[in-house]
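Reading through the structure tokens given below for one structure.
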């Protein structure tokens, strides 16, 4: 009984972390139609930058926010200098995003070395919280809260602000948005900053659970892809629900079907692609 | 004329490689380039000519690799093993194609990625068949017509012959009516249906052809390394092949070959001198996108033409249109 | 930079770059040493330490072994089998090395095994694949570290006899290194009356171990065989779920390697591990080795650095036996396998007839001393063979440890 | 037997009915003009006839054969060809290659992976002749991307004609053309053999009416009026549709 309760709670908390990972990916993919294969690298680089800020004596939250800011700047720079020229050129986008991920991976190895680095759980959240018959790490529960806060903030921004209206218009029909005078190119840069920033923030938030190590990028990127495929592209709600579905699939799948542990996420992803290409919650096929 | 001459020179240089490349080590590197070039030629049929970007082709490369190693280990003769591996490969490719051709564009890419990852997972977990991460050893290379391929030079010639057959077959295909149809389905799939073409079947045939050469490359790779492990099916391997095609110039005959040479040389030769070769390789990819987004081969041709015109005193702009 | 021994001198490098096919010219009577390691990608952590360990050794020797100058050539395999094969060929055919140290991973070793046998170059690897010195031996292979299961046999003994554990769950990555470690632990532990109640196998790229940890209940202890960066993640998550307070945790050498200590927080405190090397060991050569590693790289060495350091010692000892000669490969490998050393960073050891080490295995407890984490040796099993106390013939007649062998008793 | 017979054809997108109960019959050799305001469902009707859209209900028959369930690709082989209002050609290829592709679509040769396309003299000559018939022979070797809009319209028509269709669907063949270009295209359409059945969507009544035998007026996905030019113009519903009174 405890086992199932623990798995259930963990499904939701893992979903929270995965939402932080995939929200930016989904926004970028939805608005710009760019499969950003650098997203895992953004997550890892953010985490490493957070490590350096922590090393300077900053607190956990300050380090996380500064890492997010740094990643936003880096992401914006990448969009301005590289991706800007490649609108509609899928192959060139694949080449440049993969090339960048090679560079970032090797750069991290150069700067931070190969040893895994663990981030300490922030003060005040290092304990455990009793939930019915189990205890659960407070920090993981806090991640759910943060994910919800970010989801709500993003939702408000998308639904209630002028900027959000412009973004939605851009997602639905970029050429039309241009015609009605929305500066889509500035919007793209902004979305890329936002997406990279959230990914960097997620990297730091994941630190106390996943630690930071070379190869973290490659472990994370497929998860972001799976979430966006399962949830449906370009919608925030899709990313959120997709994350929670992946959380549940992952937790219960590993226990119930240990024989297919290696493909526990890719098999559902394939089935969705084949039979419901718009994703579980999406309206349009990618 | 110039093209024919250049092709003749390249062919002579390749045929005489054991004479001008001293030492088996560099000849082996050249064999590896040719093996990856066959792989990239196969992948390019889909990526470049069908407009279908696959991130799962290492799965096909790997299936052929495993099939031949497994069959030889199970006691089959080399010829039977090779033919059996090709049969397994084509069956796998057909299934792969039927599933992934339900979609195009990003959907196709994601389906191929998922299937590739599933094949990779199977290589790790279906230990009875694959040996898990310990892999399978291939006891010996084949001996076609009694000629041993154990050493670098005969193996190189064997690979070169297969490479030339692959190159010729792709060249013939691209110039054929079916090749033209394939390019049509890449540019205007709906229009092609309205013109009377069976778009799905054309893509399916191209997928089989693409899978065939990817798998043949896998066979050669298995003969070369005499070892196969799940690494060959990894997402990284699929991405690497795709990078070869795109960096060299997708949709061109020679592009994938140049891309294969770039990646193999960076990984195996440059890495002996440059500690941060991985960073450099990434930087080269980014630079290619910046300076010749169409890829190395067409990009160099364009720059070369411009340079030629400038040398002859023709203003660069006048030469273009 | 301390790395200067790690690579060829800048001049040699550029000369070779200008004429890449020119086989690098050997120094007067230089011994050429090739290091197959991983410097890019996820495995670089251990790979960089391998280079550090060998560099420290050569620096201590002034790059002279048995009166001959030594040239070290480092090759980066990229951490994949095909890369290992190509780089092995580079070292053998282009650089004409006399010895190869490395590679790191079992799948790299298995990919080059047949080639090494054919090229007849002595290979000193840290890769642990059991069968390389058991059912599929290679006559040019020497392993001074340990097989996968070699440390876990005594750990099983210790868990049953000294910790009095009865019911243990095992968790390790779902691949051969995990199976072989877990198999070794299970066999000895169950032979001494313990019982493995659950075997958990998270896939290699598992981000969150919680679904696996959730299945652990009703045990006395948990054994883990993680490697690379996973031990950090595992111990964080294990402690986070409150399991650490309930069930003591044990692990193989890679799970609590000394080089990881700086990455662990308090989460791992109290862990019992079995290792063939421990920086805590008090021998003259180890004190000097640890001091040099800390001085030059700021790192307390773990198994990867110690492994290549000890490999260097073996090479030196072999060269001294052959009078510095390397031409006769049969004599050379015989000399290498005949090496028996007393003062090494891992203490006394010699090789068995398969070229695998017979030496100490240390049982350590992870503790905090003077503010930093250390593995304190609590018991030493001397002269541990890869066959433990089993009869070699009977041992080899059984299959290699795998996911399902030994089976879980029901 | 009608050349093209459409019965009770219906199509909805979501809740929006774009075609409802459309029934239409074209006799062999008939030239029919379809008119109607934007959004009347004219192009949707074409897409249903070619199979690019699947109808929700109703049936389509070509020379008495029910083709409702037939895939798009099979219909050209039965003698159905069309042009597009929004030009969808092969921009990187030459004009000759564009027309050759159209011709190849009906030839078994299209499955050959061995022969060289550029050596299929018969095929290429026919394509060249088709280009000549629309007055573009001189531009045969030019990439399509380097031609004018009017030239592309004519390539569209050449591609349809080269398939020697029995039923030809023309979707606004005069759209966006200059006065001179209109004349050329009109002459071109007038020269199509009389046995070819033609269904044409066109807003430019002046040019279109000369070509058409009968006119069908569509509005909100339904056929409102059908008859001769005079009948349709005189019909009160026509005024209603166009003038809203």
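Here the chain labels run A, B, C and D in written order, and each chain numbers its own residues starting at 1.
Everything below uses one rule, namely that contacts are C-beta pairs under 8 Å (C-beta built on N, C-alpha and C of every residue); 3 or more make two chains touch, one makes a residue touch a chain.
Computed from a prediction, not measured in an experiment: that's the story for all the values here.
*Asks:* If you apply the touch rule, which chains end up adjacent to both chain A and chain C?
*Replies:* Shared contacts of chain A and chain C: B.
*Asks:* Would you identify the chain whose C-alpha centroid lies closest to the centroid of all protein C-alpha atoms displayed?
*Replies:* B
*Asks:* In terms of C-beta pairs in contact, which of B-D and A-B ranks higher?
*Replies:* A-B is joined by more C-beta pairs in contact.
*Asks:* Which chain maximises the distance between its CA centroid and that of chain B?
*Replies:* D
*Asks:* Express in whole angstrom the distance between the two chain centres, defined as the mean CA positions of chain B and chain D.
*Replies:* Each chain's C-alpha centroid was found; their separation is 42 Å.
*Asks:* Could you tell me the distance, in whole angstrom, between the mean C-alpha positions of chain A and chain B?
*Replies:* Here the centre of chain B sits 32 Å away from the centre of chain A.
*Asks:* Give, as an integer number of Å, the spacing between the C-alpha centres of chain C and chain B.
*Replies:* 36
*Asks:* Can you check how far apart chain C and chain D are, centre to centre, with Cα atoms defining each centre and the answer in Å?
*Replies:* That gives a centre separation of 74 Å.
*Asks:* Scan chain C for residues touching two or more other chains and write them down.
*Replies:* 40-41, 174, 203
*Asks:* I need the residues of chain A touching at least two other chains; which ones are they?
*Replies:* In chain A, 105-106, 218, 261-262 touch at least two other chains.
*Asks:* Pull out all the chain pairs that touch, please.
*Replies:* Pairs of chains that touch one another: A-B, A-C, B-C, B-D.
*Asks:* What part of chain B is in contact with chain D in the complex they form?
*Replies:* Checking each residue of chain B against chain D gives 172-173, 175-181, 184, 187-188, 190-199, 205, 209, 321.
*Asks:* So in the complex, which bits of chain B are touching chain C?
*Replies:* Touching chain C from chain B are residues 21-26, 28-29, 32, 121, 124-125, 127, 132-135, 137, 221, 225-227, 229, 231-232, 267-269, 271-273, 275-278.
*Asks:* Tell me, which parts of chain A touch chain B in their complex?
*Replies:* Counting only chain A, the residues touching chain B are 33, 35, 82, 85-86, 89-92, 94-96, 98-107, 110, 218, 222, 225, 229, 259-263, 266-267, 269-270, 273-274, 277, 285-286.
*Asks:* With touch defined as at the start, can you tell me which chain C residues reach chain A in the complex?
*Replies:* Against chain A, the touching part of chain C is residues 40-42, 44-48, 174, 201-203, 205, 207-208, 210-212, 214-215, 217, 228-229, 231-233, 236-237, 240-242, 259-260, 262-265, 267.
*Asks:* Across the complex, what residues on chain A touch chain C?
*Replies:* On the chain A side, the touching residues are 2-3, 6-7, 10, 14, 105-106, 109, 113-118, 120-121, 128, 135-137, 139-140, 208-211, 213-216, 218-220, 223, 250-255, 258, 261-262.
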